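Each chain carries a letter (A, B, C and D) given by its place in the written order, and its residues are counted from 1.
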Amino acid sequence: MNTVPWLTILLLVPAVGALVVACLPRRLGTLAKQLTLGITLAVLVLAVLATVAYDPKRAGFQFHQSYDWISTFGIHYSVGADGISLVLMLLAALLVPVVVLASWDEADGGDTADGTSAGPGGAAAAGGPGGPGGPGGPGGPGGSAALAGTGGEAVGGGGTAVLVAAPPAVPPAAVPPAATVSAQGVQARSRRSVPAFFALLLALETGMIGVFAATDVFLFYVFFEAMLIPMYFLIGSYGPVKEQAQRSYAAVKFLIYSLFGGLLMLAAVIGLYVVSAQHLDHGTFDFATLRQLDITPGVQKLLFLGFFVAFAIKAPLFPFHTWLPDAGAQAPTGGAVLLVGVLDKVGTFGLIRYCIPLFPDAADYFAPMVLGLAVVGIFYGALLAIGQRDMKRLVSYTSLAHFGFIALGIFAFTSQAGTGAVLYMVNHGLSTGLLFLVVGFLVTRRGTRDVGAYGGLAKVTPVLAGVFLIAGLSSLALPGTNSFVSEFLVLVGTFTVNKPLAIVATCGIVLAAIYVLYLYQRTMTGPVTRAENRALPDLGLREKLVVAPLVALIIGLGVYPKPIIDIIRPSVTATYADIGKSDPAPTHPVAAHPAAQPGGHS
Amino acid sequence: MTDHPLHYAAASGVFSLSWLLIVLPLAGAAVLLLGGRRTDRVGHIVGTIAAASSFVLGVVLFAALLGRDGDDRALSQHLFSWIPVNGFQVDAGLLVDQLSIVFVLLITGVGTLIHIYSIGYMAHDPARRKFFAHMNLFLASMLLLVLGNNFLSLYAGWELVGLSSYLLIKFWEDRPAAATAANKAFYMNRVGDVGLALAIMFMFATVGSTGFADVFGAAAGGVIGYGTVTAIALLLLLGACGKSGQFPLQAWLPDAMEGPTPISALIHAATMVTAGVYLIVRAAPIFNETQAARTVVVIIGAITILLGCVIGCAYDDIKKVLAYSTVSQIGYMFLAVGLGPAGYALGIMHLLAHGFFKAGLFLGAGSVIHAMDDDQDMRRYGGLWRYMPITWVTFGLGYLAIIGFPGLSGFFTKDRIIETAFDKGGTSGYLLGAIALLGAGITAFYMTRLFLMTFHGKARWSSEDPEGSQGQPVRHPHESSASMTGPMIVLAIGSTFAGGLFVLGHSLQDWLEPVAGEGVEGVHTFSPLVLTLLTLVVTIGGFAAAYLRYQLRPVESVAPADSEVTLVTVAARHDLFANTFNETVAMRPGQYLTRFLVWLDLVGVDGLVRGGAAGIGGLSGRMRRLQTGFVRSYALSMLGGAVLVVGALLLVRAG
Amino acid sequence: MNPANYLILAALLFTIGTVGVLVRRNAIVVFMSIELMLNAVNLTLVTFSRIQGTLDGQIMAFFVMVVAAAEVVIGLAIILSIFRTRRSASVDDVNLLKY
Amino acid sequence: MSVDNHLLLAQTQKITPPSIEYSSLSPLLIVFAVALLGVLVDAFASRSARRVIQPVLAGGGFIAALVAVAVLHGRRAVLAAGAVAIDAPTLFMQGTILVFALLSVLLVAERQLDSSGGAIVASAAITPGSKGSTAQRVSADMQTEAYPLMVFSVTGMMLFVASNNLLVMFVALEILSLPLYLLAGLARRRRLLSQEAAMKYFLLGAFSSAFFLYGVAFAYGFAGSVELGKIADAVGTVGKNDIYIYLSVALIGVGLFFKIGAAPFHSWTPDVYQGSPTPVTAFMAAGTKVAAFGALLRVFYVAFGGLRWDWRPVLWAVAILTMVVGAVLALTQRDIKRMLAYSAIAHAGFLLVGLAGTNTDGLRGSMFYLVTYGFTTIAAFAVVSLVRTSDGEASDLSQWRGLGRTSPLLAGTFSFLLLALAGIPLTSGFTGKFAVFQAAIEGHATPLVVVALVCSAIAAFFYVRVIVLMFFSDPLAQGPVVVTRPTLTFAAAGVGTVATLVLGVAPQPLLDLANTAASSGFVR
């Protein structure tokens, strides 16, 4: 038992960092980058230390801390880590510095920044402290206030009429002169605030760590929702410069989708609180306490659905996924990596952490539905991925398929499948993260996500192509890469309890091969058809640094996953044991315990 | 219950080094891939040394095995615990036994030869380093496949050889054809892999382990139900078909010839494609338990034999012909191993022999192609024997070996298979035997055709400068460099004597007996002598037919149009419409489904969401019109509200 | 006579006032209608006070009158200012604010 | 007749002057006195002097009253012959009202915003469009009567939440409303809109108060008294001619629903919010809501508590309608103030959800929610008043494009406030929502909560759209100017924002306050 409040430290460092970086003026962009990199690396180190300090043997939460927060509602600031959350925190802590490094030159809109985007310069132009009266407003300085007012109103009314036609769309530029801004002014404006970007990343990291660390349902919810905001701004203000409308659309879609799910979950959260209040003398949000309650099945089902929909949107599972391709395509590379790599894991994490232990009966009841959705998702995502031309959308759809596997593993209720699923969350973060990064590199080089714009790059940029292939192979779960271990665990675990489903799901690996290699074929092989592609630079040193750790982990965890498995397994096993699920014994067991006879076994 | 009959001794002494077999080539690959351009100059050296050293180690282990007594030649080495999840314990472990060591020797031996060959063959290729890196990677994967001591390790190797094969097929990636072929190969292999994976899951669900010892122990113990065993066996077979290009998954193998010729020799002739045979023999205890599965194996083998032969006759591309010959030869192996204990050893025997002569043939073909400026069309060859004698001789020996010329490997191995097929007895026995026999004849025909079209007859090319040549391609054939001819010679020697070696005193059969079970000498349908003569006759028939057609009569330098040839030929030229079938059954529907889903996702699923949002927006747009700005309408709405509230409350009161 | 009748009369007056608010355009008249409603209430109060036999109702009526007077002051001021701007007292003319 | 005379005599003999504990009424009295003082000041002080004295006076008055409220805490009594009730909820809400009034005074007193004076017109009497009006747009003068009017209105509000007697409540209603009618018409810019707002507010307000009064009358007819306690007793006793009480519940409800801006009595809200001077709008949005809800809670908990099961369905219906109307209609608004108005309607709906719980948790939740909402909305309107073009506030949303680029701090603050209104965690908005929804589910109003959550999702959409506008789209070439000097507005906005943050992160103290207030309950 160590007394170091690891998790609180892990939360504070990036949070404080975010504040500091946010306060930096725009010109200190470089400093912001360095600072952020330092902070995130520090977090990574801390996370690793915490993992070392973590003792897989001990059951229950470790590094547990709990303080009253809102006693009226029995809300605590209470954090703790079990194997499941620990590895996910580790993943987050790892990916963020990678992303920081990857976004080094892209945060400010980079070279792709074009005239239409505007920045701080506008303030000065429009007259900062210079008192009122920018030149020539609607009414004009002269003329009667009242009439000007009404006139202005009339204009407003007109604007209104226009906007009813297209409700959510961003309003058409009200004033044509927008175009007449001087060119250099534009250049000055087209830069985006670098410190803000990195501050958002840090805020996001805080949220991600918090959501995994929370052991108080309310606290979890708070992080769950709060996490959305930075990501929303990352997509909306740092997405593709030229696609303002689309990125706004994607950002709003992402936020509203998640909020909608979140609010349904809020209802369930409150419901849970009320139920606890009825069972105990006072309501509580403490996870450990809540999982002891035996809630009536009827109520369980409702609460389960409340949580499940939120998580299914977040993950996302099949029918709730349509925000992901948009968000994935419009988010800046770094954002996309974190979005799919970590944020979405919150959904699957929630499934295994909250849905199952809190509502075992309901979980049992709905398991067939979830499994169904999962398998559908596997094929649906894969087929759609095959059909995409936008590379980032394609990768997003592959994730849909992968989340299918994860959900499958979670709801198969065997320790193999469950462990596989959690391991899958980590692996998917690595492999898809790497895939997004490489795609991002391509996009920054060529400024387009359209597969058709590439081809034959293997000759031009061999290293990039190689990394791309490795990421792809990991994504199709080739043995020797990390994903194989998790995917096979999920499948074999499912197989022991539900053969037909497992068999169908296994057929999905063929499709995986197709969407990965077909993409590789279209982008990397064949003759170089387009002139622009002939002279693309290969990965630079920074980019190599970015991908190196991921590649290393992909291979490393493929060959020797034991350390991580040993962290995950006990927690997962305990989770299922809690709800009275145990692995089915083989029909004709042979080796009592293979591990017992190291050499001789097999 | 760990008292199952099978138990492997723990590896010790020199055998504890067996992991080096895999790691050496792997290290080679790693160095070359990570080293990048810096290692360009030494690439081929490093690669070859890695392969060679692995071979040497293999020989040492083999010798050590010889040193042990017969029933103690299976040593298992536990490396580390790979995937330990409660009941599911998978170790990374190796198994060196009679079967795997044989494969080790084949793989590393032929592999090394082909490495040497490639030094010359790829001399002018800018990416030669990458080539050797991938070759080393392949060796490592293949060795993992044959050395793994549990099915999951085997599966890992299984898919990794698929990867290396993919990488090497598309080695010249700027050729779209190559890339497509590579993808096709990977996809079809994945289909097979699904089978293997499912088989493994079945094993775990049944036995609770994926280790050879446990699974085979249980199988041999007969504790597993017949249905389960059959299911497992059939799933294994599916995997085997995918990897070995057997019917119905054969279509990828010919396309794989897009890869450099050494690859065709190593991967798509000698080693990888025979992994299916290895799998079945390795899983002998399982197949022994299920007659049904074995029958399926035999049938597939038989079908594939004919399919390969027939198509082999129709192609003019030298490599494609060899590819289909490979397909049919592996058909023979499947046929053999499908015959059960009687055939396992024969299958392996033919596999090894085939490894030699087919590799030799491919290398020879490569040397020819090299000489003919990468032209693979035999119709533009002819009379080459004069220009490249060594190739001619070595190729010739390989050719004689494959058609089963008395005394050469093929003669021993193939005849034994035919024999055993007849010995199976019953109608099925006759049928299989007949097919095998027929196959031998056709093999003789198309191989002779190939040999004659390539090396004999009058040259259908010209060494004159363009105006001198009457529309014929200009070629300046020459013998290949020593680094290429050397391996060819070695392989030629191998293909000459290997067969004999194996057969003499059942040496190989006895060696494999602990793994494959002893080949029960069933009653002979025909006496071996009769059968041998019969085979010879058929073979000579095939030879004669080819000789008449392609030696005594001139060969057109362009293939006759489909209209001028028999339907059979047309069909054969189109791979018996295998690809057409795959496309219409799998590919096209898949594409349509994909397009449909893309549309559905956009319009349907997302449409619902966007529709909902738009709906609310529209509602809002209409509702705000109620806010007319007229005080009196506001008052009216208030009054309405008031009336409603009053009414409602009075209603409540009444109710 | 039955005091209930007064209640009905008051209800009628209240309704008339309400209708007046709805149908008349002239702000002054609308306002007068509101006053009518208030006075209808006064009548109700007085009647109830009669029925209950307490004086509270009558006292309340006085309160109401005072409040009404105050309302008049404010109301007329507002209406007047509008009238001076627009030269019209029609409530339908003031609808710049809408939607 | 004689009976009457005798009765009259009997009455006259029994009259005894009610005893009044002035100390307990001190907050009311202080504010009232300040109001009168304000009138005198306006009458005698010089124009320039007033501009200084009035705000100080008002502000000082409010502070003094706050102190009084603080001193009174724990007091619990019915005073002035049952006219006024001083109890924990009353004091809580009076305190809240005073704080909001204080902030609003800051906004009104702001004089740096415009070319010259603040948001209040120099002389309301000058006809818009005439020569004078052009001149007065730039005159440094202002209608200082605004201050006393505000103070009067505050008096009304404080009395409104304290009144234990329907008649007093009616009077309070008028005291709080009449000044507001006038204030609505005092905007310096866009006079026409301002006057129109005033007139609509006035006519509709008067209209609704007539309904309220009619309800009072029926209550009297039913219970023979207008004291809440007595009414409650009467409700308790069965077998009376109870159609009156139902009528009175309905009609009083109508009057109060109008004040809180619940649908279908909301139609005045957007117009008035948009037309009024922004500081006044802020004052209305925050103060009036507290006052009206205070009264609503008191009436429905104390007087009509016995009929809970009868009026609950109606309340549900109104709540749902209000939330839907507010959330949906806000979607397509193009004027920022108008949008905030509809958001105010939606929030009224959420508050009603808390009320629908009809339990102490509901009381606690509603009171907490009122505080959080008030702070946020005042801050929001303060920010709105900072973004200006040459003809006053740039209230048209399209003018806010790219504000995040041109003035990040302001845009950031506003976004934060919007997120608070949307109810994102770590803002007071979320805590408030949580409090009321928890109460509702506790009170078996789960379906209502689900509707509320769906509506908040819809509502989130338009809040978020403003953020999109400010941050994700490009600034206009001649965009609005963000005034950077006004210290008072900054102060108000700052206080509001900080409160929003603090109440989101550490709401416990206020919750405790609300909790004690709620659990001690209404005196009767």
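Please note the rule applied: a contact is a pair of C-beta atoms (placed from the backbone, for glycine too) under 8 Å apart; a residue touches a chain by one contact, two chains touch by 3 or more.
Because the structure is predicted, anything quoted here is derived from the model rather than measured.
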Report summary line: Any chain touching chain B and chain D at once appears in the list A, C
Query raised in the report: When you take the mean of every protein CA atom shown, which chain's own CA mean is nearest to it?
Result: A
Requested in this report: Using mean Cα positions as chain centres, tell me which chain lies farthest from chain B.
Outcome: C
**Report entry** Distance between the centres, which are taken as Cα means, of chain C and chain A, whole angstrom
**Finding:** 62
Query raised in the report: When the C-alpha atoms of chain A and chain D are each averaged to a single point, how far apart are the two points in Å?
Result: 42
**Report entry** Whole-Å gap separating chain B and chain C, where each centre is the average of the chain's CA atoms
**Finding:** 97
Query raised in the report: Could you say which residues in chain C touch two or more other chains, in rising order?
Result: 21, 30, 85, 91, 94-99
**Report entry** Multi-chain contact sites of chain B, meaning residues that touch two or more partners
**Finding:** 613, 617, 620-621, 624, 627, 629, 631, 635
**Report entry** Overlap residues in chain A, where contacts from two or more other chains coincide
**Finding:** 146, 150, 153, 160, 164, 167-168
Query raised in the report: If you look only at chain D, which of its residues touch chain A in the complex?
Result: 114-115, 128-129, 133-134, 137, 188-193, 331-335, 388-392, 395-399, 401-402, 404-408, 419, 422, 424-426, 430-431, 434-435, 437-438, 441-442, 446, 449-450, 453-454, 456-457, 460-461, 464-465, 467-469, 471-485, 507-508, 511-512, 515
Report task. Note which residues of chain B are touching chain D in the complex, please. Result -> 613, 616-617, 619-621, 623-624, 627, 629, 631, 633-635, 637-638, 640-642, 644-646, 648-650, 652-653
Query - List of chain D residues in touch with chain B within their complex - result: 199-200, 203-204, 207-208, 211, 242-243, 246-247, 249-251, 253-254, 257-258, 263-265, 267-268, 270-271, 310-311, 313-314, 317-318, 325, 328-333, 458, 461
Query - Touching residues on chain C, where the partner in the complex is chain B - result: 18, 21-23, 25, 30, 91-92, 94-99
Requested in this report: Flag every residue of chain A that touches chain D in the complex, lowest number first.
Outcome: 68-73, 116-120, 122-123, 125-141, 143-150, 152-153, 155-156, 159-160, 163-164, 167-168, 170-171, 173-175, 177-181, 189, 193, 196, 221-223, 225-226, 228-229, 232-233, 236-237, 244, 247-248, 251-252, 255-256, 259-260, 263-264, 266-267, 270-271, 273-274, 277
